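Each of the next two complexes has chain A plus one other chain: chain B in the first, chain C in the second.
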Partner chain A sequence: MKKRRLQAALLVVLLTSLTLTGCWDRVEINDLAFVLASGFDITEEGMFRVAVQVPLPGAMGGAGSGGGGGGTGGDKSFYVDSGIGRTIRAANEDLQKRMSRQLFFAHQRVVIVGEELSRKGINPILDNITRIPQSRLTNYLLIAKGDALDILNADPHLERVPAEAIREIAKMGLEHDLKSFLYEYRRKGMDPIAPVVEVVQTQNKAADGQKPEVEIKHIGIFKRDKLQFITDARETNGILWMEQRMSGKSMTFPIDKNQDATINITGQSFKLDHRVHNNQPEFLIYLTVKGTVLENLSHLNLEKPQTYNHIENVMNQAIESQIKSILHKTMEKGIDTFGLGLHLYQMENRLWNEKWKHRWREILPDLRVTVKVDSHLERVGNVGKDPGEEEES
Partner chain B sequence: MGLSKMKKGTDPLTIDQNIERNIEKNEEFLRALFTDSTDLIFRTFSIEGVKALLVFIDGMVDTKSIQFHALMHMLTRADSMQLNLQNVKNQMNSISSVNETKKMKETVSHILDGNCILLVDRLDHAIVFDAKGGERRSVSEPESEAAIRGPREGFTENLRVNTSLVRRKLKSQHLKLKSMKLGEHTKTSLAIMYLEDVASSQLVEEVTRRLEKVDIDGVLESGYIEELIEDNPWSFFPQIQHTERPDTVAANLLEGRIAILLDGTPFALIIPTTFWQLIQASEDYYERFHISIFLRWLRLIFIAIALFLPALYIAVTTYHQEMLPTSLLLSVASSREAIPFPALIEALIMEISFEALREAGVRLPKTIGQAVSILGALVVGQAAVQAGIVSAPMVIIVSITGIASFTIPRFNLAISIRLLRFPMMILAAILGLYGILIGLILLTAHLCKLRSFGVPYLAPVAPLTLHEMKDIFIRVPWWSMKYRPKHVAGQNLERENTQFPSPKRTLRSSKKSRTKGENRK
Partner chain C sequence: MKTRISNLQLTLLTANFITASTLLVMPQAYLDLSLQNTWFVPFLWFLLTTLLITTAFVGWNKIETLDFQSDETRSSRTGQKLLAILMILFLMFILIRDLRAFTDFTGTALLELTPQPVIIFTSLICLLYLVWLGFEVIARFNDIYFSLLFIIILFLPLLLLNEIDMAKLLPPLQINAVPSILQTTFVGLAWVGELVIIFLFVGNVQPKSDVRRSVIWGVGLAVIFIFILLGSIISVLGSTLARYTVYPSYILVRQINITDFLDRLDLLVVSFWIPAIFSKMALTFYGIHRSFNMLFGTDTKIFLVPLALIIGFLSMMMFGNNISHFYFSIYVWSTLGLLLEILIVAVFMWIVRKERLAQSRDG
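Showing the complex of A and B:
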């Protein structure tokens, strides 16, 4: 009986110590500010300016919030503010002093780094993001053309929050997240890349049609953690070929006297091979591409095998030149965007360690790289010939 | 019932005398015993000048059969016969079941049982006519266990009718029926039914032993017995299944279980019971096995939902915000924007008002019950959300939880789950997912510890018996249900010897498929 009573007392003490200590970690959803996107810039004094984009749940039109309406008309459904500090954390703390809700980074989906800061090196940002457990490696790391803050202020129309729009666009393009960036960055014999996001105006002739939208069109090329240059359209395509991200996209090139055709790429494979010649590596890049015709402005009859072969040849050359343009440009600058060094580290480990590793960036400009493209047109669409051509009787 | 009035009289059980030859004395004694019992009828008449007396309780006796089969015979045919015990018992009536007794004690208990007593002057025996009758509810569809496919008959309040319903399904001489009376005042008869060649004799002994230990003034429902004989009286979980369906009883008897049928209630008890039994419905065995398998999994999932969903919601929204997909989180956040309460309080408000709504609806007449549910749906659902007192996701959570608890086929298990939801919610509010996990571990440990008449509550999953899993998470087709559950049935484990019901394969069929067919046997 006495034992029973003791047990009961013990249970009561345990339960009360659980419930009454008041040190619960409980945080209600409405006490948190969910940072969906962060933007990092550097000020003229060399301080970090960290901007966050936080959605306003009250303005998102949920039931019971009383607001309704959604984000398009009137007030924005998100809020952007920035803080300044000697470190990124310090800048966050600076910002926190202005916010009634606690900054919460677990739902951050996009990290945007301003162009200037990128050129100075983004290692501090990588440190900040990877150090706290709240952040995810599936974040998209993007470079802003200009200031990152301007990107966060753009107001894309198709999504409720710009971060969502930026993420979706980034996913459709290179699909290059923080994890890939870190992989490329931390590997010997490889340099990272990151998509470039910029603000453009809506192309609409109506008077109120000019609204800022975000666009991802180019790619930033890094040497270690420093941004070197931003690609143009041709070079971007070259990277997409090398990263095998062209499937589902299309390419346009002249096939007959400056008359263009658009080919939809349905599949591609990529193989990097090497050969050691006189203790000097040589590379062979071999690409097979499958495509279907989406549009044909020339009057060539696509039903004929000769035309077929002709288009395939033109296509081979077009792809080859796209790849070569970026390949040569990076190699000349001693940047190993495509991991040629990594390939040697894996395949020729001894030679790599003994001969090439230490002066890889000096060797790089003089390497011979052969690009070989093998294209196949699989379908020409519903009409083979030019639809304007009269029927042969 | 007149029985309740008897408390005023002398306790009839203490009378230990024999019946007098003098009928006047006997009548005087009985009238004194049953004072203030106006439902007791004394009908005096005379057979050839000899005084006789019929005693019975009005309403419990089939008066017509007494009238035609006893009274009329005795009044008309008595003239040619000598008036002795044998003649009265065997020739002067046409009632199917007639007994005699010498003891006054037995006589009284026969009267109370609803039998009719005949006392004749100069005979030291009472003759007992079994003419039980009176108004009883007829066999009707079991309301608490309706089935789309399956027998439509359910037990009634009459024990004899109930045993006969089972007997009609199991026409076997091995179906045994032990009788017993429980309750000092109610003297409720009960029947322990089992199949002698299947049920373990130890189990029968154990059940009998536990029932004999019961000493209580009255047993009005099988729930009394359930609480008096179960293994772990403190547990939240029902360790004895009850059913209103004779086919369920028969099916369980065939698996080697024991049924206790009780007079005065349509609910029979089934012993031993495992957890899995409580999430199976009789229809699982009547419909095609595919749907049974699907439904069993559905029920399992929804039991988990009924138990954990509100707790999970609380844990995730107050501790683990990073676990929700962003857009879902924003939706939840936007609908919670105007809510003044923390998630736990919000959940408790909703859950408790839902339980209140259910409790209010259960006992009301059907017409008013509908009004309550409309009111509840409007007030608790719509208005509370619009007024910003509870958030819309919480209403969804509570409704799903409510629906989930209705998918559990056995009401008594559903009650346990409903109750356990609240400690889970509190654990989640204190410790988040960690708390839910602690709750789950405690719950599992408890379930593993439970026994129902020596059978582990989670058998055959814990302890694991692989070859008995054919009727737990899945229900194999009947042609494959070769053996009885070993953890229950004591003997005679083989259940059927039907072959795989498919026409013999022709010569064309490959050798491979033939061996396959043989394997299935």
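Showing the complex of A and C:
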């Protein structure tokens, strides 16, 4: 009996040990290089350059900490290196050959594509980053003005690792992740967009206070997977209005003899409508905007209802012109950035399939789009009149 | 001692059997066919399987007992042996296919370097252990894990609220979408119809009279489960993106992003999903074991270990790569599975009829 029990216990131990197959894929945590951001560029020879930004665990501690088992790189808390290859994976393998730790992409949050490569087409990058199981569709996809490698080398003040700064700025702006880009790219009747990130110097007169910061101010407009152009400030605002990303942001525009006011946008709603006239679709964009006055540099008296109406009218015109600027520019080039085709696919499915789907880019420039904005100012802040206005005696 | 399970356990076993591996491999195929209208298809499956169950259980309440494990059911020995042969064929295909699906998913998403035979055989050891313990243990194991998984799936739309875009469900149910919806219904019917395994276990359910209703409840739960998952996939990922991914369900749970802090809950969901898949595979394995006992008139576990080895080897050899496995799951199984299910239902109805006649003669 005792012998049988011993045999049974031995069998259980043996069988249990076979379940430790997770050890086959086991990698010690200090043998992993956690990639937080990747950058993709194209070299002059037409090869891919893949850059990675990896935090240095030993340098990530608090004040006074340094060294330790995680590796250090002087006073920087991260390290950037790149590899070159005929394909993205070949470039990664090239890079891996001089890294003592295995590249691990599961914590990657940001993917940056260089401007030149974006203009040639980013499909190879999309194939790579979606195919590997470690990647997530919640990564932010951005376009670099210039080379992606320069962006990864920037060293913003507020975050220890630039990838985190880029991610936070991207989140405050367009908040366009890989999933959104892929959806727009794969969808017929829509073209994708991506925020553009660039390196700028800190605007600080002190000679030793200049540091390369990252800035996301513009948006890249794509036709399929090729970058066509980068928006200017007005066009960028137009896109933010259409994407309903202006809530929480402010808008400055002249309200009286080139004297400006700034309105804080507290809410917006967007509606795209259409009608079919002579077998051609016509679109109507309705935008309702709510805001509060943040700043008034004019001498207009905000305690008067007429002033409110005037500011609202001027604001309507300003928003309309921002939206129209980007709408016309994209439509002229046969780019459907705002999903007008997608709207027709959803609302006029039969007509879309029969009449418009196959020649959509040809008819886009001739389509009529009307924009109507209805703004409403809710509050003026703590003061009504201009503080410099003289009292009437 | 005769094994007994309750009607609730039967409901949960049925629901898990339909959903567990279906949602691992099939959403991509369904979405590829009917795009944004795929969410509607589960309701058609419900109607058709309810019809199947209602037809199969005609005359069921008129018989006293139908226990394939005991000698009380004597009059339909030929029918029982025929049912056993069909079940062995049917369940072997299911287990081999599901084991390979699980292995491929594990190899893709979790253990990339672990050799396939190691994953297969360690899974089989785990299944062997579950099956050795018996039917009641499998039912209780399923109770826990399927219930938890169902609760998680019920909360899934809430967790994904910030990612849901209802416009991705448009245009809804156009007339030109009818052929694609019917195609998807056909492709998925064999998968949903796998619930016919419960015919092996109906004799173990107490009370017997509620069996049909319990099975229909199980199908209902499964339909809700599949509807929520497919609806979430379409409204979060969009059908054009989901049809391009191999495991859209897995990609979906990776989109859970409540705040920067709570954004990697996919491990939690998968931690309940994998045991649910194991529960289905264990039930399938147990069904094969019981069918062998029915065929040879024995009550032994001697078949289990060689069966496990055979299933393991077939799982590796039948499919050269995951694409041939997908091909089998979508194109071959939709017809072969349906054919086997119809035969099983027909044989079961024959057995019930013969038993009813014999019992009314004896009575």
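Assume the second predicted complex is superposed on the first by the 357 of 393 C-alpha atoms of A that agree within 3 Å, B and C clash if a C-alpha of one lies under 4 Å from a C-alpha of the other, contacts with A are read in each partner's own complex, and residues count from 1 in each chain.
To be clear about the criterion, contacts are C-beta pairs under 8 Å (C-beta built on N, C-alpha and C of every residue); 3 or more make two chains touch, one makes a residue touch a chain.
Remember, it's a predicted structure, so these values are computed and weren't measured experimentally.
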item: Per-residue touch tally on chain A - higher for chain B or for chain C; value: B
item: Contacts of A:25 with chain B and chain C, given as first, second, both or neither; value: both
item: Touched partner set for A:7, first chain B, second chain C, both or neither; value: neither
item: Which superposed partner A:204 touches (first chain B, second chain C, both, neither); value: neither
item: First (chain B), second (chain C), both or neither touched by A:244; value: neither
item: First, second, both or neither for A:187, with chain B first and chain C second; value: second
item: Contacts of A:269 with chain B and chain C, given as first, second, both or neither; value: neither
item: Chain C-contacting residues of chain A that also contact chain B; value: 18-19, 24-25
item: Chain A-facing residues of chain B, complex; value: 317-319, 321-322, 326-327, 329-339, 342-343, 385-386, 388, 391-392, 429-432
item: Residues on chain A engaged by chain C in the complex (per definition of touch); value: 15, 18-19, 21-22, 24-25, 130, 133, 136-138, 179, 182-183, 186-187, 345-347, 349-350, 353
item: Residues of chain C that touch chain A when the two form their complex; value: 108-115, 118-119, 121-122, 125-126, 129, 167, 170-171, 174, 176, 237-238, 240-241, 244-245, 251, 254-255, 257, 263
item: Chain A residues touching chain B - in the complex, by the definition given at the top; value: 18-19, 24-30, 32, 34, 36, 55, 57-58, 60-66, 104, 106-107, 109, 134, 160-161, 164
